[in-house]
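Structures given as structure tokens follow.
Presented sequentially are two complexes of chain A, the first with chain B as partner and the second with chain C.
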Partner chain A sequence: MAVASAEKTAPPIRKSRGNFFTLQHWWGVLWVLPSLIAVMVFVYGFIGWTARVSVSAWKGLLADYTYVGFQNFTDLASDQRFAIDVQNTAIFTVVFVLGCLGIGLGLAILLDKGIRAEGFYRSLFLFPMAISFIVTGVVWRWLMNPARGDRLSGLNLVFDKLGLDFLVNSWHGTPTWGIAAVAIPAVWQMSGYTMALYLAGLRAVPESLREAARVDGASELQVYRKVVMPLIRPVTLSAIIILGHISLKVFDLIIAMAGKQVALDVPAIYMWTTTFDGFFFGRGAAIGIVLLLSVAVLVIPYLWYTLRQESDT
Partner chain B sequence: MTTLAAPGSRRAWVYIPLTMMALFYLVPLYVMLNTGFKSFDEVSLSTMWNLPSGFAFDNFRAAWEALRPNLWNSVKIVVPAATISSVLGSINGFVLAKWKFKGANIVFPVLLFGMFIPYQAVLIPLVTFMSKIGLAGGTWGLVLVHVIYGIPITALIFRNYFATIPETLIEAAKIDGAGIFGTFTRIMLPLAIPSFVVVYIWQFTSAWNDFLFAVVLTNTENWPVTVALNNLAGSQIIAWNVQMAASFLAAVPTLLIYVFLGRYFLSGMMSGALKE
Partner chain C sequence: MTGKKVFRFVAVLLALTLVAAACGDDSTSTTDGDTTATTLAGGAADEVEVFSWWTGGGEAAGLDAMIAVFATTDPNITFVNSAVAGGAGTNARAVLASRLQANDPPDSWQGHAGQELIGTYVAADQIEPLNFLYDQEGWLDVMPETLIPLISDGGNIYSVPVNIHRANVLWTNPTVLADNGIDIPASLDDFFAALDALQAAGMNAPLAMGEQWTSMHLMETIMLASLGADGWNGLWDGSVSWDSAEVTAALEAFDKVLDYTNSDASALSWQDAGQLVLDGDAAFNIMGDWAEGFYRELGMEPNADFGWAPVPGTGGLFQFLSDSFVLAKNAPHRDAAIAWLTVAGSLEGQDAFNPVKGSIPARSDGDRSLYGEYLLSAMDDWASDTVVGSLTHGVVANDSWKSEIDSALGLFLLDRDVAAFQTALVAAQTASG
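Here is the complex of A and B:
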């Protein structure tokens, strides 16, 4: 509005506005150009490059780029280790995402009750996010000591003393479910973040809506189930996508906790070992592309939806 | 409002689960410090929960000796990376928010997707490319990588911030004869200081905590603290008490940022969720 009225009453400004959108317009583009080029090369260019490697028999040390078509991908499909990876990622994702959502929502609801020392608890639940996955992994490895599945180590000792025998476990020493134990530190690290997302969502629900439901005779539980939950469903969706994409990329936490054990392998680790230890660059690139596609399926619709919503408002 | 106004006793139970969860979050920190202060003889699996008999600083000294060069490497990587990122981010964010050039609506999502890609999908070309241009092995290559892969998030944070600055301010600057450069440096930058803090913290933290890029792009002598810690912990010779002390040293810088600048830290995190 301001622009339109200014143009009508003061003609000289139109002139400067004209300059703004010709010369200055290119100035603007010029400013972002270096970053844009960097991203085009380092993100999209490199993805293309990886795609090219993924259809080759490149072995890293030798410059043999023989085109093999989708051989690397079909090999992966029948690869025993990759099958373990896919299963591990699925288990990890379920434990990690559900753990974070459950704990995050639970904590957010508790903190939303207008309690004393809310800020203290909030900060406490969030601090693990500041720490690197490597540190988290090293510390939890000590807590879940892998060398001994007995009652005398770390968490097991606590559970034994408390009489919670059914929780005593050899943790990530267990094949198949070992990966679920690795997801526990990940929940420790990211559930506070999920809580923060939910808390922001809960705070955005107008108190008047809850009040109205209570006046209508709804119990606290009903208020949550019928009024609050539907309104914070978008938060849950965002959280699932953000956590899901973290889970697909998980790498350093597992390295720090368990090294490169095949039983606890995930695609990100397999990609690393097959490429930089085994020099099967073609196969490594194929794993990279598979990871990229699985993340893209999750993230692109989300980005599209969020940005469209943003431009609507 | 009824819940808020209710007497304390009615919601006293809330503190029970909260305290239990607080313990869950504190356990690793307790074990880290508790073990870190124990002497070598005291460290055993069966007594890992017991308090140390005294404060043995030897572990911290040993950890410091082992990690000192790597902590310094981390600083050499993280400070320039965060600084350059902030400057670039402010420019990109400003242009994306206020200079709606043709195609800006395409450029932004294209840029943003870079934030979410699994880096395994670019790792092979990255390593090949960095060795070709002679930036593999040292710390500057890692700085460059953190700056480039940080472009999406830093642009997003600044863009969201600049979008809240009223258009009329720019109009006023225009009328006063300021060009894009003048508007940016004299009006926008001073206003954007909170965003600088957020971006700096975000980039500092993610570069400090990075492992994947560091492990493929630096040689032993230039390892940042994460890679060195992982190797320290991986070697069975290093006692647990030294490992715990070392973990603590590696975590301290970002923990301090969190304690003292928590608000800014959190807004960086929330920007990662694409919601402001």
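Here is the complex of A and C:
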């Protein structure tokens, strides 16, 4: 159907299709060329360069690229610090993604109810997203200051004043749950964005469907659970993918909140320190490639799915 | 209807900016503050680009004082200050490494004397020998004999040291010690006895510690106390084995010391840890003598608000680090760089820099009237003590080795398994080559 109608309205394009080398086409190629070259060099070129370094024993300043095969990757597999990094990333991702989805959906449902000053609240919740992670980290470092006694500050001071002493905590100072505490500012920053995604999804659900469900005797909760939620599942999927790839790359937030320490380490930070503190460029590049592949595993199926959907419509 | 469409459009737009911002974030943290040029006014004939990580506090002020001296001795050379902030030099060295790889070196840069210099930049053939400058300026007569071998390789001298810092200092709260009837401990055993007494008196964490690099600093001073100067030096020249029983004993001592530290250490900077001592929340802190500069900045009185002594068990030993400046191979402005290094090694330059930075001059002929009570004691100790190098601050091990030790230490702080730690330290020596 769609193909037929496109053919009907497209004779002018057809005319030029036979003659590819028109001036117009050359202009088009010329305009796109610089960015095409830039992308080839600065994106794919450097990915290729990193891949090359990752199979070498390169030590940074020395020009010695001894080929070591997959040695750097097999070393990573038995590297205890990298194991902690992977575990930390898993904890961070779970807290971050679930937190953002839960809070984002909750806020979206509240706003969708058409409360007064909706626009104001929307901007309010979206506002943290405008701040960079590094600033969030600095602010929350203070909010989560672990100090006790006379030096209480931030959240601990609030809890102390409210008489909620049992909540006074070392937060990111404790190794076990430190990384989950670091994820909380990330949730604070990104749940407004998730709310915006969900709100767009909720608004796209036709009112007639909800009406029909209500007419059939569904309660408000059932309307959400049985009608609205299944329809906004694609929104959840995109949110998970976007949030998931952010959590794989998180770097600045953790550096700003907790500095460099193995307890709260993530692969991106390990990559940085081993490359630039230790001059193990080969190992750093291998971590980079592992990160790239993890992001690809998340993003490529998503791109494929959205592109297929677009070509369907 | 159109309102909803607009909102969806905005949401998509926000999504795009977010992705763009998230992609861009990684690079901003490194380029941030890349080159802040303090270009002096006037049509300068030449310029010199000097790279350091002194961007704040007494460090930047000290550098400025030395730049002021340079401006009087060489008024027609523009000083380009390419200091990069953050990460105790890590960020700066990342930028430096990428510039060296791109064959775009600054004329001169800051490098700790010792293996950070010899094992990294000299090994990579990035800097020029400076023997001619030492001959010309007569520096061999005024620079300490113990320091020269640490900045030399194969008979060549490679940098100009501007200062000396001491790493093995125990900072104390005199009031807390007096209230509990505790003398400044001289040996490790005395130290443990004092820590036990303070814990018994209700002070849960009598020894203040901060983020991970400060625990490496603590580790090396305790290891030095346990191993002695010869044992410590032997670890780095290969004459003492890392899997020996002495090392096990030293690591066990460190493990025991950790029992007396604060549980929130990883969330504190070295200044926060130093503050715990001032506030009387802890009795001791082990930190380099830049802590004295920090205390003075807060208006504290030496020997009243804070006291100091060598780390217990390291009396008569001076564990040092030294900031020095190098001459880049193929420096774009070689003559101007030599003029800068001449000032950095001169008496005027060092006496302008060090009282402000809070360190003692590398030269032995500094003007004592310019220095405060603590620094005078450090100058005396530097002249009479046995000098050993610091690990945390780049003297005894090259960057690769140090970073492997840092990983092993981070894991140890999590599991506190001494045997596994020692195995990892043996592996660290092999991995660094």
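Here is the rule we go by: the second predicted complex is superposed on the first by the 275 of 313 C-alpha atoms of A that agree within 3 Å, B and C clash if a C-alpha of one lies under 4 Å from a C-alpha of the other, contacts with A are read in each partner's own complex, and residues count from 1 in each chain.
Simple rule for what comes next: contacts are C-beta pairs under 8 Å (C-beta built on N, C-alpha and C of every residue); 3 or more make two chains touch, one makes a residue touch a chain.
Nothing here was measured: the structure is a model prediction, and the numbers come from that model.
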item	value
Which superposed partner A:Arg203 touches (first chain B, second chain C, both, neither)	second
First (chain B), second (chain C), both or neither touched by A:Leu264	second
Touching partner for A:Ile255 - first (chain B), second (chain C), both, neither	both
First (chain B), second (chain C), both or neither touched by A:Leu307	first
Chain A residues touched by each partner, larger count belonging to chain B or chain C	B
First (chain B), second (chain C), both or neither touched by A:Leu221	neither
Which superposed partner A:Leu162 touches (first chain B, second chain C, both, neither)	neither
Partner chain(s) touched by A:Tyr121 [first = chain B, second = chain C, both, neither]	first
Partner chain in contact with A:Trp188 - chain B first, chain C second, else both or neither	first
Which of chain B and chain C A:Glu211 touches, first, second, both or neither	first
Footprint overlap on chain A, comparing chain B with chain C	126, 129, 132-134, 141, 145, 148, 193, 196-197, 200, 242, 245, 249, 251-252, 255, 259, 268, 272, 275-276
Of chain A, residues touching chain B in the complex	2-3, 6, 13, 16-17, 20, 24-25, 27-29, 31-32, 34-36, 38-39, 42-47, 49-50, 53, 103, 106-107, 110-111, 113-115, 121, 123-143, 145, 148, 152-154, 157-158, 185, 188, 192-193, 196-197, 200, 207, 211, 214, 220, 238, 242, 245, 248-249, 251-252, 255-256, 259, 267-268, 271-272, 275-276, 281, 284-285, 287-289, 291-292, 295-296, 299-300, 303-304, 306-307, 311
Footprint of chain C on chain A - complex, ascending	59-62, 80-81, 84, 126, 129, 132-134, 141, 144-151, 170-175, 178, 193, 196-197, 199-200, 203-204, 242, 245-246, 249, 251-252, 255, 258-265, 268, 272-280
Residues of chain C defined as touching chain A within the complex	4, 7-8, 11-12, 14-15, 18-19, 21-22, 25-26, 28-29, 87, 90, 93-94, 97, 100-101, 120-121, 123-124, 126, 211-213, 263-269, 272, 279, 281, 399-400, 402-404, 406-407, 409-411, 413-414, 424, 433
In the complex with chain A, residue positions of chain B that touch it	1-4, 11, 14-15, 17-18, 21-22, 24-28, 31-32, 35, 45-46, 48-49, 88, 91-92, 95-96, 99, 101, 105, 107-114, 116-127, 129, 145, 148-149, 151-152, 155, 167-168, 171, 174-175, 177, 179-181, 205, 208-212, 216, 226, 229-230, 233-234, 240, 243-244, 246-247, 250-251, 254-255, 257-259, 262, 265-266, 269-270, 272-275
